[in-house]
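What follows is a pair of complexes built around chain A, which joins chain B in one and chain C in the other.
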Partner chain A sequence: MKRFLILPLLFFWSLAAFAAGTQYTLRVDGLACPYCAYGIEKKLKQIEGVEKIDVDLKKGIVIVDVAEGVALTESQMKQLFKDAGFTYRGMEKKPL
Partner chain B sequence: MTRNKVLKIIGAGAASLLALLFIAWLAWVPFAEGPGYVFVTAWGERGSAPGQFNDPTGIAVHDGEVFVSDARNARIQVFDLGGRFKRAFGTKGDDPGQLGRPMNLAIANNELYVADYWNNRIVVFGLDGTFRRAIGREGKGPGEFNAPGGVGVASNGDLYVADFYNQRVQHLKPDGGFVSQWGQTGKIGIWAGEFNYPTDVAVAHDGSVYVADGYNDRVQVFGWDGKFLRKWGGPFGMNIHGPFNGWFATVTSIAVGPDGNVFAADFYNDRVQKFRPDGTFLTAFGTPAAGPAHTAIAVDVADDGTVYVVNYDANRVEKWRPRE
Partner chain C sequence: MKTSQAYKKAGRSAHVLAVLLVGVGGWTGQARGAPITFNTALPVAKGEFFFREQLVVNQSGDDPSGLDRDRRAEAAVSVLGYGVDSKLALFGVLPYERNELKLTSSGQRVTRRASGFGDLTVFGRYTLVQRDEPGSNFRVAPFAGIKSPTGEDKENDTLGRLPPSVQLGSGSWDPLAGVVMTYQTLDYQVDGQFSYQANNEANGFEAGDVARLDGSLQYRLWPRTLSGGVPAFLYGVIEANLIHQGKDRVDGTTDPNSGGTRLFLTPGIQYVTKRWIAEAAMQAPVSQNLNGTALENDYIARVSVRFNF
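Our next item is the complex of A and B:
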């Protein structure tokens, strides 16, 4: 009986694991001003699949979690940061 | 050329440079002409409970009450003049009456005008928090906004909106109907009547319109008839920033006091600067930043001359009184 319970649990766990998205860390200057930080957040949240945005003023980074199958590209970010009035510095990514 | 001659030339050059710097200092760094301000009290800390803030960004004082934009909590909090919590209103969202990121505030005709940076509109509440109406929508056309940072209200109810990402200030009828604009939509400029991310507007009793021209590091003034009158902030008032008297490092809020003097939040310099209506520097005051952000982001003045300042870095409101 236990085996029958464990198998479905493992199945759903593996689905959740494979459904995990990606976390991007974007480097940017000038985040101390909320007008700037909110501008970036506003533009990022308009991208479909963006699930969470955290701004770390101290480190000058924006951390963005996206859903599975969603990818942020360098050119997309360069344009987004340009539109928000910033110079894009680069990004790193890791699986969630 | 002898060594002595070279030294003489270098010495003369250095002396000339120093003399030029001294003249420039006298020309562009004014001395305080008014009395200073003393810190009275402060309230608030980071959080989401009543009396706590998560990024306070705007302030308006009216009839014994202090209204504060609590941006990340998407609400307006109201206090008495001593900082005792009275009420809060606004919920997070983009439905009518909800708030995204409330920024600078204005009060006129017993209504509170909230510049909603994320929802691209001006939200109007009764002073008790009852939602009345919303003005504008997202866009770059007449009467549309791209991240409004602040609003000023004229005595006839007309609005002047700092349309941050559209690089303009719009003059609208009370119902949101377009009248005119200063600045070219979407185009940054440093000359008179042009803008570089404008953040706030205040209307004086005589109808003059004062604009916090954020990243141009200056104040621009227009007449009630729309004519450009003057600008100030650093040499020539054209995007030269600095920490000196009368210079700015991003102007994020502006208010006109009961005697017509102008108060500007000088965000990256962590201070409020006070000027006569003609731009003469009077005094400056503020609190140094303790954290990674900066302090003086918004300012308003009560009828008795007491100044209320939003300290963004410390998540609190500060009360300052003119020195006796």
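Our next item is the complex of A and C:
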């Protein structure tokens, strides 16, 4: 009986996890003052599905939460940060 | 006739001040924390605008000529910058000026003044060198442009034609060029700039060319330590401006009472947030090696705000 309960729970948990989207941690070189962050945030907000942006100046990273079904690509980020005037170095991603 | 000559002389030798007020530098210094009295090499993002408004008060006196000249120039300098791409940025600089010259001639104290929009300067800046590291960057960017004669240059008052130092515009097309470098870290920023503006003749008057060497150090005073996120920064600023202007030419003749070299030291304060910057600085002349009876600067005060659209 327990088995029959666990399986549906796992199924719904996985659905919830998938629906929560993805968190990207982007490493950026050249970020060195508060004003830099605004231009980057503005460009990232133009991407449909971007829900939250947190910049950490000290670590030189930008954490971006995106909605379900939205993906950020290496080439897209490279161009975005180049347009903003900075240098993109790489990304890590994990489910929210 | 004597009085008229005195007015002309006073206006000519004070003209250097007008050039310094809205000359090469002192206007752009766009985003991301930057010098207050000159430009920076930091980028303007592609497709983005920024705006800066700077209020400038330029006070001069200590007249060695016996005319007891006192000149005050106030300006609201508007700057619009646009990022064409990640390397090329375009800038437009338009001052609204209020110029006033007081002097004594033949025992009479007279005041001459004019107000309105001055000369529009447009220029482009291209990032030639870009080195980005974690928490720091280094850039070198040459720039070139031209000052156009949009300001009124034939203003009159009851005494006749105003001298060049009171006119709102020079009447001439004056090209300018230079190079600016920036090294920025999370703790401090260093900027340096060399620029040259070639002034041309208009209305029988040609101001001396202006060469400038500027330096700036901005040091983060607060927060003392960074813990994460994007806190606002409070910078202490110290800048130096070495400015040389050649002698003016009037009807083809060199004016011996014009031009010279000035060195300003400029302490300032700057508050930088994600969306806007507020700043203030006072340019104090520490050395003025001027020709003849050219008028000395007392101070130049600057207050400005900048913000991204």
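Definition applied: the second predicted complex is superposed on the first by the 81 of 96 C-alpha atoms of A that agree within 3 Å, B and C clash if a C-alpha of one lies under 4 Å from a C-alpha of the other, contacts with A are read in each partner's own complex, and residues count from 1 in each chain.
Here is the rule we use: contacts are C-beta pairs under 8 Å (C-beta built on N, C-alpha and C of every residue); 3 or more make two chains touch, one makes a residue touch a chain.
Note that the structure is a prediction, hence the values are computed from the model and not measured.
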| item | value |
| --- | --- |
| Partner chain(s) touched by A:82 [first = chain B, second = chain C, both, neither] | second |
| Partner chain in contact with A:29 - chain B first, chain C second, else both or neither | second |
| Touched partner set for A:68, first chain B, second chain C, both or neither | neither |
| Which of chain B and chain C A:92 touches, first, second, both or neither | neither |
| In the superposition, chain B vs chain C on chain A residues touched | C |
| Which superposed partner A:51 touches (first chain B, second chain C, both, neither) | neither |
| Overlap of chain C and chain B interfaces on chain A (superposed complexes) | 32-35, 38-39, 42, 57-58, 83, 85 |
| Chain B-touching residues of chain A, taken from the complex the two chains share | 32-35, 38-39, 42, 57-58, 83, 85 |
| Interfacial residue positions of chain C with respect to chain A in the complex | 31-33, 42-48, 83, 85-86, 130, 132-137, 184-186, 189, 226-233, 272-275, 277, 308 |
| Contact set on chain B toward chain A in their complex | 55, 57, 71, 101, 103, 117-118, 147, 149, 164-165, 197, 199, 214-215, 250, 252, 267-268, 291-294, 297, 312 |
| Contact set on chain A toward chain C in their complex | 27, 29-39, 41-43, 54-60, 82-87 |
